[in-house]
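The two complexes that follow have chain A in common; it is paired with chain B in the first and with chain C in the second.
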Partner chain A sequence: MQLVVDPVRHTTSPLVTGGSVIGIKCSDGVVIAADTLASYGSLARFQNFSRLLKVTDSCLLGGGGEISDFQEIQRLLENLTTQDFCFNDEHKKSPRSLHQYLGRVLYAQRSRLNPFWNSLIVGGYVQSQSFLGMVDLYGTTFESEVLASGFGVLLGLPLLRKAYRPDLTVQEGIKIVEEVYRVLFYRDARSINRIQVATATVDGVTISEPYSLETKWDFKGFVNPRSTYDESTW
Partner chain B sequence: MWKESSVVATMASLQRPDFMPYQNNGGTVVAIGGEDYCIVSATTRLGLGFAIPTRNVCRYSILNNRVVLATAGMFADTATLHKVIKARVKIYEEQQDKPFGLHSAAQLLSNTLYYRRFFPYYTFNVLGGLDEDGQGFVYGFDAIGSGEKVKVVCNGTGQALIQPILDNQVEKKQQYENKQITKLSLQEAVDLIKDVFTSAGERDIYTGDAIDICIITKEKGVLVETFQLKQD
Partner chain C sequence: MFYSLSTLLIPKILESHTEIKLYILHSHFLFYTHTHTHIYIYIYMASIGTGYDLSATTFSPDGRVFQVEYAQKAADSSGLTLGMCCKDGVVLAVEKVLLSKMLLKESGRRVHLIDQHAILAVAGMGPDGRQLATRARQECEQYRNIFRMPMPAHLLAERIAGYVHVHSLYWHVRPFGCTILIGTWDGKQGPALYMIDPSGTFYRYYGCAAGKGKQGAKTGLEKLDFHQLSCEDALFELAKLINAAHDESKDKPYEMEMIWIKRDLGKASLVPPNLIETVRQRAEQLAREEEMAD
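Our next item is the complex of A and B:
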């Protein structure tokens, strides 16, 4: 009789997860933001967890989805940048290369039916050019002026598309992203009103300390929610 | 024996739900082969369920100055397949010092797809270009490499909406009365493609935003133009 032994698998369903990541391309750089919550199912388990990462002096990564997989990806990128450093030839991976690299890694993992359960947003600013790209757990890679993952695709993307202009500055971008996270916090139950905003500009990469967003709960619709049987759809 | 292993399989599936490795990103691709031209076109919308993660992706690859490949279906598989095909074409052209022909590309594509018969690329391809005589031909393939050489083909989510119109207007099939068969000029073919995509965009949520139209002629090689569709 043949004994069926499954190979070692890590994540085929996520346990500790991060929520939406959001990115917007600006004329003088890119902005990527994430809230600081790492949920354990519906439990708000880790409330001060950073999901933003500086990869190189010009490249940023934001991650949603399974946190342990994100940390593994973090280790892969560390190896990659360490190798670049050891060559000692001043060459560094461009944001576009890293985006494509992550795409191949996630595609390879999904092809082994053992995916890295993440949505990743890669941002960078090299030679006066902004870069913003996304990778999902299937290895789908694409670039866009505005990007969102998770619940942010449904609630955030329309707001980002409305607010986007090619001549946006990073300062304006940060304001837009904050507004989107405020909206997400009101409706996405797996979010928190504590965010980090990262930018890649000509001055390099900066990741802000976590800070709380002001919220307002005395809107009429929040104080007196209409019943299901009114004309309300929500 | 069968019984025991199936018990083990059930146990495993109780422990964790199986990961589904496929995703449908939609998209429609159309190709028309004319007397002295070929047109290959693809939508740029990346759809996912009821959302549009982005409106501007590239679903075609220019393999050389007379062959273009366009693909609908899962976008991660599309990108991978295009990488594989482009690499194989490049290696061939470097080693043999001659351009990769249309019919060779069709065979390569078919073999590449069938090689993954039991874990297919979830892609629906059209391949268009000029043959040795400069005549336009197109190929349509399913996800596992079955395909045929035709004059006009549509693949992807808009296939059922577009293919019958192309059969009628390009191949003059199912005409009420036997009309005189006139071959479409390049401009007429481009206009037809713009029309069918615009119409498909009204009914198919995965078709919209824009199309890339690759026009292949002997004189000018591959020219690409973009035509905007509705963004709703």
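Our next item is the complex of A and C:
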């Protein structure tokens, strides 16, 4: 008889996952983008899945990681905003409050050894102030001018940091984010060249329809590879 | 204590209420109660409903449940509450009687938002109504959590009516002292208006009324054509009915509260105060003119 029982493992690995989410703070708002892929392991299972969410008129959320956990978080936020609606006191949750709320939710889950397997980026624009914050699956919360999750941390962050200026406009921010996604599509096997870009500005939150990025593959090394090994694009 | 009570108090009461003698002998409360006042209250109340109104669990011989009827009385003792189901939405209105001049405007509201698509108005005891509003919100949230869509009106009304109904089945709870009106807008089914009374009875209406002066208001409602009426027009009609039910010389001043759910707004909201003020003044003006004409 087995005397030592294995520890309970509620979540050991995510199943359906989303890739990188990128966020950048601008002087007149915030830009958050995500591609529209939900992978099943290495299979590009759902290719038109939106991972961006409008939470309030001034706050938006992008999520990577386990998609079902993201949907659960979406449900929690909907309940929260419905409650706010019923109070009818003109008060809406600020992006900062929602960021903190998600931090508490994800921390509580990981403390039960059953984390929400997500990295979330919260952005918003309230009273002429941009907000950009991140929550990881441990419940760690932090803020930054540029944020990336997943593979984007490795490939996107250096580009974002290089491109960042405090006086960036949202229009410039969108261009930068598109460039980052192009790089990610070239290098990250769990990505797709179809993205959505969301902005929070003084005009409220807008989430674009999904659109494809133009990509270029006819590099000399690709077209005429001399050998399998010496033309590594790294 | 019990000793002195049985020797002093009871014989006295029995003399004047001989009818209820049997009841007192049967009542097990008698043996558990230790103060004069309690016993006295039991006996006193019993004399009204001939003993069948102590608990909502007991029918009277002619098939009535007195506790529930008393609750309905409580519901009808408050200001007039009206609902209209129009072609493009639902409007609910309440005549909120102001018990003190020191009350802040818009406090102690009797109209409540339940969900993006549902509204509720209370006639009767405000706290009881608030409890039902909270319950209705929970029901809507639960439905959303499971089915990811707004709760259909008939289900919401049925759930709340069921909740009200179970409060008329047990001796350890008090029935709700309020009648509530529930309005919803559903993208598929359009507008719906339900009224639930303290017994848990509920019906769907074109127009309905509860509270003081409901009879007169019902007569007024029956004259309207709800297939043609828009929410905007309904505001004025509601203001007229409430104004008509109110006797300025006799009744306390009141605040008019209105809440609606309309197709073009997409979600429920309180009617803006300035709009309510406008229709109220128009209604009062009209009433004055009619008085002059007479």
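Here, the second predicted complex is superposed on the first by the 210 of 234 C-alpha atoms of A that agree within 3 Å, B and C clash if a C-alpha of one lies under 4 Å from a C-alpha of the other, contacts with A are read in each partner's own complex, and residues count from 1 in each chain.
Note that a contact is a pair of C-beta atoms (placed from the backbone, for glycine too) under 8 Å apart; a residue touches a chain by one contact, two chains touch by 3 or more.
It should be emphasised that the depicted structure is a prediction, and the values quoted were computed from it without experimental measurement.
After overlaying the two complexes on the shared chain, residue contacts for A:Ala44 are found with neither chain B nor chain C. Of the two partner chains placed by superposition, only chain C is touched by A:Glu78; chain B is not. In the superposition on chain A, contact of A:Ala189 is made with neither chain B nor chain C.
After superposition on the shared chain, chain A has more residues touched by B, the comparison being chain B against chain C.
After overlaying the two complexes on the shared chain, residue contacts for A:Cys86 are found with chain C alone; chain B is out of touch. By the touch criterion defined above, A:Val202 lies against neither chain B nor chain C after alignment on the C-alpha atoms of chain A. With both structures placed on the common chain, the touch criterion links A:Phe142 to chain B but leaves chain C unconnected.
By the touch rule above, chain B contacts chain A in their complex via residues 1, 4-5, 8-9, 12, 16-19, 21-23, 25, 46, 48, 51-57, 74-76, 79-80, 119.
The touching residues of chain C, when paired with chain A in their complex, are 112-116, 137, 140-141, 144-145, 267, 269-270.
The touching residues of chain A, when paired with chain B in their complex, are 1-2, 4, 6, 9, 12-13, 103, 107, 110-111, 113-115, 134, 136, 138-144, 147, 153-154, 157.
On the side of chain A, the complex with chain C involves touching residues 75, 78-79, 82-83, 85-86, 88.
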